[in-house]
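Each structure below is given as structure tokens.
After this come two complexes, each holding chain A, first together with chain B and then together with chain C.
Moving on, here comes the complex of A and B:
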């Protein structure tokens, strides 16, 4: 049997693994590698729908970098990403700690309830919240009115200054539970003896968290921060459903992917779309590297 | 001052009374108990805030147009009747609409979505687990490179491929075909790695024993491996099902025939169509949330485990 391979003395056909991997290889070549190269080629061409392509050199990039809409999209997306990290992640961590310390039998139920919005796709959430934010009728406006006597008539989705806060509020509702699940999983691996030792030494809960818990959940925290950033920079469906394809008054809810969609599919210029795609990939790549560097622990250096 | 204020004052007031006014001699464990009490309040408030939109949604789809604006949730029980609470929104939703290809009923979109989510999940489950098995249990030249290639491919954001993929789908004549929705995402690297990791945990001796008994390589994968990684299978199915069910961009871009559209695309269109009849598209949204919710509550343990495997190990 010269045609067979052995693994610990048992024969098997050497092509077996390759045969199993064939579907992946075909799909990866056609729908990953080829489009990747094609995106590079396309970004130097101007197209009119999928029919024609004319070489334009760096014109697509020149156009993007001189387009005020691009900077608006970049600003909005960055605000959203910063809000995700600075508001949403601390809340997720806080809830995870509360759940982790709780001895209640309802713990599991709370975890499920807080996670549940994540089951609903961004489009459905957008449809739902476009009614929830309705002046006078929407439950969000009514709730705010009952609580602080303001906001019953606030038009969250048609005032430029309120569109980003509205998006951030919706994403908070959607993703706070999702990140909480990761923090909760990390907290469950924290060494309980270390925590108890610190408590016996008289450390306050805050000190225990800062010096015992946080260092141990760092790898997961870094992972969550980077994944949140990558996800935030690709925000599209939520503003698309909430604000329609115009992305709100004055494009106040335009995101980078929204800008990409608008150029590639509303204006029909796939070349510019591909160029924006590369710029987005570059931005995400650079930010991830910076975050990885910034969060490196002293021991790793 | 209204009910919300009174409830909040009562909840937090009880904490301050317990924590600061009751002397420790009377209640020695007061610090521990008051801390647990405060934690419980925050958790209950968080959970209440999170589920309010769902409760509101359920209440509103059954309300008649005449009382829609009058009450935020349900009308008081004394006013319950078929005039205030009924299925009008659903009847309107299911009455069918004209399209260039004839009348399309809402049922059609539900069936399309269910079909696509199930087919997409089955194909993806089969292909990713097969690839994961090849990478977990065989030693062959090029394996290291393949794993490196896959890990590298995960670095590129999906949105980079939006424009070139559109052109490719157009060129291979997959426009308006479900192939364009099912195939490009069928071999998610994330799934391959998930299965590889789970299958590496299965002892080699099991594979070898099956091989010595004369089982074919495919049989080993199908009859030995797959039953052993069932928890992972459940998690992966749910994650993929949700991804397919909620997929908006691909059908929005690739599908033109009205009768082939899926729920996310059509509900987004209804948003503009039924401007003042919120109840109608809210009813559609409620129906669109139910299937994933049922699956989730059936598989929630596996789901959470699958979601966090990659993050907490290593």
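Moving on, here comes the complex of A and C:
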């Protein structure tokens, strides 16, 4: 057959690959590319519905960049993202290492227990913790009172300075196990012989971790860092539910997506909402590129 | 430089597999000791216990007169070369070799000098800035060796370091490792399942089977007087020919009497041992190179073995003849490649009577 091609000894019609790709292409065009472009178009328009768009140039962007609430949201979200990466991920990795080295028969049970919180979703966790954080009667405050004899009446969710810490604690509980699973999977692929070679070369356990384990799990670690950053910048439901459909006192729980939601649906300004969406996409894009660059491994160059 | 002594060392794994049983082994300073045996006989386990990578279930291991049972691998001052190299993939060749020295806080210029020296010895100078994935198998193995020698350890441990290389590379590296041993004079323990490597490299060989030591001696001593049937069959290629039968005394002369032939056992110093074995079931052993070979041809009035030729394998330097005797016992003769022999023909070949062996069939131990 003159118009057939060969892959690993199998003959196929030249159109066959496209046939297999069609479902993906259709889905990507409809649900990804079209909304993206439409949102881009929308961000330059003043609109309260699909049939009444007025071109306003950069007005939406000008409004956003002059709105103190935007900067508040950007700051809150960034603090949350940094906390996720600097507190949550090391903890996830630590737990993964503990589980990986454990000989315990309960290993799988622990893995499931630590992983399970994120299965229920942010709204449920938000509602749950709005109860748990109740001053005087919530189990969180009772717990720390028992531990350090302080904090029984702490108003986690109504003091502006405490909302972000509360949020970080909740997301720690919710996501630490999720990221741990990635690390655990990566740790299980670490070549045991490299570890042994390093031990014989004179490395202490910490040095083995630093010079062998960490470089070996680097690709997964980079992936987890980037996914965590993206996830953090998309934070919305958790504070929204935790703070009972508000953005908290003094907007202390306002995130970028919260700000988007507020503009698009509370104020009904879809154009500004779309513009915020694009700004958020740009921020995530830039941070991901920086992270990828910073963590590039030497042997891949 | 160090002596390594294993006393009654055993290893039982968690799944209650006894991988090593009561091993006693004294490796002298400067010695090249080869542990050889079939797959699963506990060679790696023994080596890993010496390295400290595996707990010792019972017995003691000492390095340089110090018992190291509870010493961490990093503090034993040994270096190990692994079968699949175990190079750090994220480090260059230079960094791989320098790693152990860096951890021990050697000054930079000392590290540099040692790495460069090792690289020169191993012909690795052009590759110092490469990553392991850009090297061939032979080059990787050299880096692994280099990583070991820069540390100037008390002893080197090798676990089948050449088995991932192609045949030609293996022969070349074999010589290089031997030369390295001559040059450095450091104690080496070398694990292999390849009896040719064992024969060619070892100052002494320790043959193991099922976790137990069978025989420890110099290569030639093991070759010439293997202590039992297993060692006799394991060392030597093609393996020793075996025939079942009994020892008989005919008017003061001893004979092996088998199914198809009887064979005189002539050495005077064998007499006492043979006398004790008369009537017992034995296994008669002859190496292929003592049957019909140029050296066997030179023996005056040599006894012979006869058989019909089934297969002929010319190897170039010699030819292997596969023959069946009248009792259909297959044996191999290593003969001159120019000997005239047609498949199907029956042949009578001289045997060097001083080189044959008799083993007790029950205990499998060597009688003579």
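What we mean here is this: the second predicted complex is superposed on the first by the 263 of 301 C-alpha atoms of A that agree within 3 Å, B and C clash if a C-alpha of one lies under 4 Å from a C-alpha of the other, contacts with A are read in each partner's own complex, and residues count from 1 in each chain.
Just so we're on the same page, a residue touches a chain if its C-beta (ideal position, glycine included) is under 8 Å from a C-beta of that chain, and two chains touch if they have at least 3 such contacts.
Keep in mind that what you see is a predicted model, and the values were worked out from it rather than measured.
A.B. asks: For A:75 in the superposed arrangement: first (chain B), second (chain C), both or neither?
C.D. replies: In the superposition, A:75 contacts neither chain B nor chain C.
A.B. asks: Considering only the touch criterion stated at the top, classify A:204 as touching first (chain B), second (chain C), both, or neither.
C.D. replies: In the superposition, A:204 touches chain C alone.
A.B. asks: So, does A:215 touch the first partner chain B, the second partner chain C, both, or neither?
C.D. replies: second
A.B. asks: Once the structures are superposed on A, label A:62 by its partner contacts, choosing first (chain B), second (chain C), both or neither.
C.D. replies: neither
A.B. asks: Now for A:196: first (chain B), second (chain C), both, or neither, which partner does it touch?
C.D. replies: After superposing on A, A:196 lies in contact with chain C but is clear of chain B.
A.B. asks: Classify the contacts of A:30 with the two partner chains as first (chain B alone), second (chain C alone), both, or neither.
C.D. replies: first
A.B. asks: Looking at A:117, would you say it contacts chain B, chain C, both, or neither? Reply first, second, both or neither.
C.D. replies: first
A.B. asks: Determine, under the contact definition given at the top, whether A:186 touches first (chain B), second (chain C), both, or neither.
C.D. replies: first
A.B. asks: Chain A residues in contact: does chain B have more, or chain C?
C.D. replies: Looking at chain B versus chain C, the one contacting more residues of chain A is B.
A.B. asks: Quick one: in the complex, what on chain A touches chain B?
C.D. replies: Those in contact with chain B are residues 5, 7-8, 10-14, 16-18, 20-21, 23-24, 27-28, 30-32, 34-36, 38-39, 42, 47, 50, 94-95, 98-99, 101-104, 110-117, 119-124, 126-132, 134, 136-137, 139, 142-143, 146-147, 173, 176-177, 181-182, 185-186, 189, 205, 220, 223-224, 230, 233-234, 236-237, 240-241, 244, 257, 260-261, 264-265, 270-271, 273-274, 277-278, 280-281, 284-285.
A.B. asks: Residues of chain C touching chain A in their complex?
C.D. replies: 51-53, 72-74, 76, 78-80, 82, 84, 86-90, 99-100, 103-104, 131, 133, 147, 151
A.B. asks: Show me the residue ranges of chain A that touch chain C in the complex, using the header's touch definition.
C.D. replies: Its residues touching chain C are 191, 193-194, 196-204, 207, 211-212, 215-216, 218, 297-299.
A.B. asks: Under the stated contact criterion, what part of chain B meets chain A in this complex?
C.D. replies: Per the touch definition, chain B meets chain A at residues 2, 4-5, 35-36, 39-40, 42-44, 46-47, 49-54, 56-57, 60, 68-69, 72, 127-128, 130-131, 133-135, 138-140, 143, 146, 149-150, 153, 155-168, 170-171, 183-184, 186-187, 192, 204, 208, 211-212, 217, 221, 242, 245-249, 253, 263-265, 267-268, 270-272, 278, 281-282, 285, 288-289, 292-293, 296-297, 300, 304, 307-308, 311-312.
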